[in-house]
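Report on the structure given below.
Lettered A, B, C and D in written order, each chain numbered from 1.
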Amino acid sequence: MTLKLNAAEVSKYLEEVFPQVDGMFGIDRLDEDLLVMRLYNDERHLRPGGTVSGPAMFSLADVAAYVATLARIGKQALTVTTHCSIDFMRKPAAGVDLLAEARVLKLGRTLSVTDVLLYSEGEAKPLAHASLTYSIPPRG
Amino acid sequence: MTLKLNAAEVSKYLEEVFPQVDGMFGIDRLDEDLLVMRLYNDERHLRPGGTVSGPAMFSLADVAAYVATLARIGKQALTVTTHCSIDFMRKPAAGVDLLAEARVLKLGRTLSVTDVLLYSEGEAKPLAHASLTYSIPPRG
Amino acid sequence: MTLKLNAAEVSKYLEEVFPQVDGMFGIDRLDEDLLVMRLYNDERHLRPGGTVSGPAMFSLADVAAYVATLARIGKQALTVTTHCSIDFMRKPAAGVDLLAEARVLKLGRTLSVTDVLLYSEGEAKPLAHASLTYSIPPRG
Amino acid sequence: MTLKLNAAEVSKYLEEVFPQVDGMFGIDRLDEDLLVMRLYNDERHLRPGGTVSGPAMFSLADVAAYVATLARIGKQALTVTTHCSIDFMRKPAAGVDLLAEARVLKLGRTLSVTDVLLYSEGEAKPLAHASLTYSIPPRG
């Protein structure tokens, strides 16, 4: 699947359509095999004890699947999440960024399916595992 | 399933363990059949256009399942979400609160399963449908 | 949502397109609010001990969501399951039929979302809870 | 995660506890990184047109997660599926075996989480993607 948008282009587009998340996320890698997104460690996402909250992990998985999909289909603002299944498996480490590894398993005409693994930076075992479906608007 | 905590008790406990969500949520109803939770309309949760974001809907479903479970098992701070499946079905209405109807389908020794339907206040059709599993710590 | 097919019509169609399931399932009720489908107690679906297997429960949930969707959209053979989330909550009772209560939560242009609760006949508490998404082929 | 049972041991155990699936499944590979299970092409699982049915794909994912878990925990017959999320992404090829690649993402005290990708033998793109949770009985 050739990419239509590179990391800089998709980041810029994300800031335009979701200005409220500006500065929360970064892209470490984006190519045909893998997207690695980063949720910066920030007190806004924290639970007491300094670990990242469940909703912040959901947000990272959701935005990673969105970015991975848009990189393949281009700027389609009406692309929306229709489903997410997420397993929370381990407690995040305190005080570090979270990383998401996203792989697009299917890019169809009307939907994409993306697999996402979340890690605390520097840890080998995943925190959470998610599968997200995005609905792609009709083209033309 | 008799309740161990009423709405006032579980609200107070929620504020103690998750002070960062203080003021975001309210409890409209809590009895053995049904919990109705409310996410107050608030610009922090909004997407451009004034509708509630996916992560805010996830948060509401997650906290509703947590409250419904704790009301039955009592103050068990280590109760954590292990799974969420959520279908996003319709766009939220702008400028209104969101309501969650939560029903505990199973309360086992080590886990609970809760069904949650999300609505824009005043709308008949659900926005989203979620199923959440919480892991309950061993009692002893 | 008015129905395009009644119970007899959709049963007949099911036998035509899936002859291999002939005689496994029955329809107890089909109207705009609710579909009740029945998996006949049959040794083909059993685990040792006489209880129904997980795959047989999945099959019942899947066929119930299919029937509930087709009753609304008519004979569209290319309608296919794209997602199922299922929570197995209790052990089925031995020697009885299984019942599925299916409710269509969303009927969109390209997909349907159906909530399904499974019961052992005569039991009050659900065995399993599923949400299924069907992809609906473009009409034209 | 060191394995407690090898492929021959877990196959033999599977035949003892689930005699009804005897001959349906094979194990191509079982080590600490990966399990590859095979669903033999067999008319019992087929839809008209010769492709494997959704319930047969569910069965393969379910048994693969069971085998991957038991290989790590030993012969624990009461280990049961509590959740499955499955995305059906492509139509199986006709007339070939199905392969499941299963990876245990978490092995906890009371539950395991396994990621499963399903393929038609000889195809590069996955047919389906599943995540399964098994509840592990208390030891001792």
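Note that in this section a residue touches a chain if its C-beta (ideal position, glycine included) is under 8 Å from a C-beta of that chain, and two chains touch if they have at least 3 such contacts.
Only a predicted model underlies this, so the values are computations on that prediction, with no experimental measurement involved.
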Interface copy of B-D among A-C, A-D or B-C, with over half of contact pairs matching by residue number, is A-C
Mapping chain B onto chain C via their CA atoms needs a rotation, nearest 5 degrees, of 180
Averaging C-alpha coordinates per chain, one finds the centres of chain B and chain C separated by a number of Å equal to 28
Note: chain D sits from chain C at a C-alpha centroid distance in Å of 23
Per the C-alpha means, the centres of chain A and chain C lie apart by a whole-Å value of 33
Two or more other chains are touched by the chain B residues 82-83, 85, 87, 89, 133
Within the complex, chain A is touched by chain C residues 82-83, 85, 110-111, 133, 135
Given the complex, residues on chain C that touch chain B span 85, 87, 89-90, 105-106, 108, 113, 115, 125-126, 129, 131, 133
Given the complex, residues on chain A that touch chain B span 17-20, 46-48, 53-56, 58-59, 62, 80-89
